[in-house]
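Right, one structure below, let's go through it.
Should a chain be cited, it is by its letter among A, B, C, D and E, assigned in written order, with residues numbered from 1 in that chain.
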């Protein structure tokens, strides 16, 4: 019957400074779930990866002919930044990705709303979206070129088409996952269709939407590889394609690193917004 | 089965003579990225007194896709794409050709040999794994090499691999294939990286040098566009001469500035290309082209084509004349 | 749902459909006829008849699982997909206090109270209602930051700021202590006297039912088993003897052996 | 004060047959949410698409050299089925996709568990997964060839790599979205780590997992387009690539149709299982 | 959390930490010293001292929002991230009945009851417990198919099949009607007499507290404001006068003006 307690400091003493120094002994069952979030912990994994890469390169385990050494890549980055090529290409690419992302989000979210809130909408929208999703993007490009030419329109559209799918799917699922109790509540307080969407559907679907957004942001960057092979003279996708043609391994690896960083960053930003927007949640995420 | 749409286009030659002036308001879209740079560097672009839009599109698949979408009027490719385009039911015509002098010693591709593969002559390919991409020029080259070596498809092991980027070099280096055609800077890179491991390249001794400008027949049937294309081909011939005569500017302006290559790489490519040859007659070229068609038709089980039908003879002399004239003018 | 050996048998239909005595004549606000509801093979409501006159306050008692919430949900139009038949007439503006407090987790306390309100001064009203239920200053809290009783009071405030013709309340005071409960009774009485909605209140507390309602209905075996009118002098406990008699009566109807230990 | 009621038939009369014919008048507020599921409604969208395609082909709006007519595609399918090519290629592809899917699911779910349930796991796993996700798959192929050759292993691995990402991301998000109240419950009833995972984490993460699975199944099929270009002589990806090489538009379009059908089917199967497995949910999905 | 003008002031520490009288001497099962908890700027518990002897049954009363659940959660070790200090000693095996019934929505009723049980006959036990709370035959139901009171009874059954050293129950009878409630009291008494756990029961019902507990603790302003031992003869209502006096005493401590209307 002895108590399984452990002496541990208060998480933070209560406001009254007189109490700050007091004992704090709490019963400590094994805490299930991941525990408190630690700041900057997310840097560990990528750092470990970087370390591994560096170590493998330095010891010769990793053939620099296949994967350039980190320092070569850094040097290459320096050169490309010095002559302005990296920034220029990035800026162009960012513009394309941003536009595609924007339209994709709007289209995906709207379609998800229509298809999620009416069986008729679902009947007509959901199937075609699933088909679109099942057809390899590369195979669609000839059709897109046919219908939209080879200019910026077609590039942005291709990104849009890639982006809207996860947004649609996730928002749709998030929306369909809203607890029926809140729908009943909405009905009894006399919310109209618009009010229902604004007060119940959108906030309720928000967690799903954000997950879709995480797919979408990286998806937009990745699409550049494909679209910037078509009638482009700029962008990181073009830069990498050129480097592949000429076998410039260091530029290819730099491109990959840039993709990795862009992906991590965009994903991190979405997660940050997500955390702020979903602060009402009391989940395992903590 | 499954070849329903292939080869059913019955080519008919356009006969109406080319107009000498380009009607006002004519626009052509050109997929010829390197020449665009040459035109800009040389200032020749000013000679084009009608609207030319350049698209950064080259290579067979992309140009044919763009042709179909009516997004492109002329493209720059090697000798295989016009064949495949015709087989897929797209009626195209070659309107200009460029070759290399001493082509056998200035090949576009060499056969990369994997470290330790033990291949020192074409005959050694028997029983070896060779990277093969059926739709691409490299694929056709592999078939021609086998034919030259007196081997059939069954005597070797063709490994289907797309030849995008540095996939072939990688496949060679990791010994997934014993031989693979690699071209351009990839040759230099492959050797500099893996020579120490025993990698080598093998000259195939064939001509793989043809480069063509080609257009959809539909475009060439339009007198205004046909005239504009004639004007473009003329300037194109001059540009080829300019490149020949200004290797330093070309190296700096194209390879280094535009393509982001090092000077050494650029110089390597210029040296490898040797001197350009723009003949005034296509007869020989058509003969060689016919051989390639015959081989592909046999090996890939496709319908026969007449090579001469792929050329629009109205343009036969334009590029070569301009090339020669520009040379004389430059020398004068 | 255990059968109650001590429960009364179903009374005559004429008694079941009697409308409230104290509200005078006129069309009833709520009228239910032959209401049948069931889940799967189980019948929950087996033919409920019920009228509520305008302004009448009806308390609904019954053992756990007898179908009180099912009846309320039927009146609120929330049982689209539940099998059954019957005729229900309810007014346009119905307000519901659910058995769970049912606050939107992603909206603040204030947002939950003003939900669906279209008035210009919705916020002011809501703040006032929150102050009345003792939650002044908690407007910006998230629902999960409230105690159980506080959540219930927010749900109550949500129903206070509305002006329904019919108020359906499913155990709205279950999680409240004696003092808070008395205060909430007062608020509910105020609301009722101000707008005179018809009220159907589910409760487990017989005293509460007597204190608040004009009429008490006991549900058993899916039927209205007992109906008792509460005279005003009993409700306000002036007539203590009548009060105690009614209390015993109702407890007996609920199956409690009143002569055994005090509870 | 008149009642806004509408005479409507009972959803289904209560069991007692004597009551079957009774009146059923219910208050009908506007029903928020999509209403009842209708069987076969999902066929509407794809049928409309098919109709559109047929109409556009028949009227000549759609150039058959770009997109073959539906009847040509059906004829082609007939030919290919008659000489056995379609079935053979499908069987091989299905095997590859199935294997990749299997490993992807296992790896993705395991990683998600580790990363979702411990901050240390998250620190090391999550970042690299995000980086992997941000790097275009095509760019990884040379590395995969180098490390895993060009045989089946490498193909299955490539599919696995594509599949595990959505499974990981969704399971992780689903798991992190579990209501803290259930975690507390698990703690107080003395569930151990394993019991916690089995009783709370897995069922709670299941909705997310299923969404991931929906991405994964179509993802696996789509990956075939890329992997079956590498050292293959079979599979629908190879079949399509070959057709592209030779410009056999009808086969290409047949391939796309097959992808579409496969995608719809796999997605439908996953959704069916999902509906059965998540029958406890009371959500807007109905 | 309104201050109660009529509430008693905090009693002496010696009284506050007194262990249960009827269980004899020995180390207390639960001991709490100087427990301080707060959310943000607000203090909820301002220094609570409490001992519970082995086998002792303590009822916890207090106004809504006074910190009863906060105290229970602290004892259950569920407030890792809540600010505060204090010393808590609790036994190993603690069982909690939450204020919400907290059933896993994805598990059946039976699965919810057996959750975490490692016994071989867990299922049999659980079925028996479910029958005892009147839910025989509902083993395969989903939680959402139960009425509010039924859900609460499942949560109760979950605590009945366990043999905790300490049972923490947060208003476990709030959604139950009078009869069901009496039955559940009986079940709880059986459990207590069989395994003699220490019990801390939160309730809003003063009568319930008197009937079940050995000692009643009233929480106010974050402190233990009142402690009353319940003599056995009062608990079983043999001493009706003492019962009524204790009742009035407690109601006064809770701020209810006992001399006003009957409730």
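In this text, contacts are C-beta pairs under 8 Å (C-beta built on N, C-alpha and C of every residue); 3 or more make two chains touch, one makes a residue touch a chain.
The shown structure was predicted, so the numbers you read here are calculated from the model rather than taken from an experiment.
Chemist: Treating subunit B as absent, figure out whether the rest stays one piece or breaks into groups, and list them.
Modeler: One piece, even once subunit B is excluded.
Chemist: Any chains in contact with both subunit A and subunit D?
Modeler: Chains that touch both subunit A and subunit D, as defined above, are B, C, E.
Chemist: Per the contact rule at the top, check every chain pair and give me the one with the most C-beta pairs in contact.
Modeler: A-D
Chemist: If you average the Cα atoms of subunit B and of subunit E to get two centres, how far apart are those centres in Å?
Modeler: Distance between chain centres, rounded to whole Å: 86 Å.
Chemist: Taking each chain's centre as the mean of its CA atoms, how far is subunit A from subunit E in angstrom?
Modeler: 46
Chemist: Distance-wise, how many Å sit between the C-alpha centres of subunit B and subunit C, to the nearest whole number?
Modeler: Those two chain centres are 85 Å apart.
Chemist: Just how far, in Å, is the C-alpha centre of subunit B from the one of subunit A?
Modeler: The answer is 41 Å.
Chemist: Could you list the positions in subunit B whose residues touch two or more of the other chains?
Modeler: Those would be 68, 165-166, 170, 173.
Chemist: Listing for subunit A: what residues touch at least two other chains?
Modeler: Only 29, 31, 36, 66, 142, 146, 181, 186-188, 191, 200, 252, 281-282 qualify.
Chemist: Out of subunit C, which residues touch more than one other chain, so two or more?
Modeler: Answer for subunit C, listing residues that touch two or more other chains: 76-77, 94, 100.
Chemist: What are all the chain pairs that meet the touch criterion?
Modeler: Pairwise, the chains that meet the contact rule are A-B, A-C, A-D, A-E, B-D, C-D, C-E, D-E.
Chemist: Touching residues of subunit A toward subunit E in the complex: what are they?
Modeler: Residue positions touching the partner: 1, 3-5, 10-16, 19, 22-29, 31, 36.
Chemist: Mind listing the subunit C positions that touch subunit D in their complex?
Modeler: So the residues of subunit C in touch with subunit D come to 27, 29, 33-34, 36-38, 41, 43, 54, 74-77, 79-92, 94, 165.
Chemist: Considering only the defined contacts, which subunit A positions touch subunit B in the complex?
Modeler: 65-66, 85, 141-142, 145-147, 149-150, 229-233, 239, 241-249, 251-252
Chemist: Mind pulling up the subunit E residues that touch subunit C in the complex?
Modeler: Of all residues in subunit E, those touching subunit C are 2, 4, 39, 61-65, 68-69, 99-100, 134, 145-150, 153, 170-171, 174-182, 185, 204, 206-208, 211, 236-237, 240, 243, 251, 254-256, 261-263.
Chemist: In the complex formed with subunit A, which residues of subunit D make contact?
Modeler: Residues 29-38, 41-46, 48-49, 63, 66-67, 116-119, 122-128, 130-131, 133-139, 142-143, 146, 166, 169-170, 173, 175-181, 183, 186-188, 191, 193, 196, 200, 207, 211, 214-215, 218, 221-222, 225, 240, 252, 255-256, 259-260, 262-264, 266-267, 281-285 of subunit D touch subunit A in their complex.
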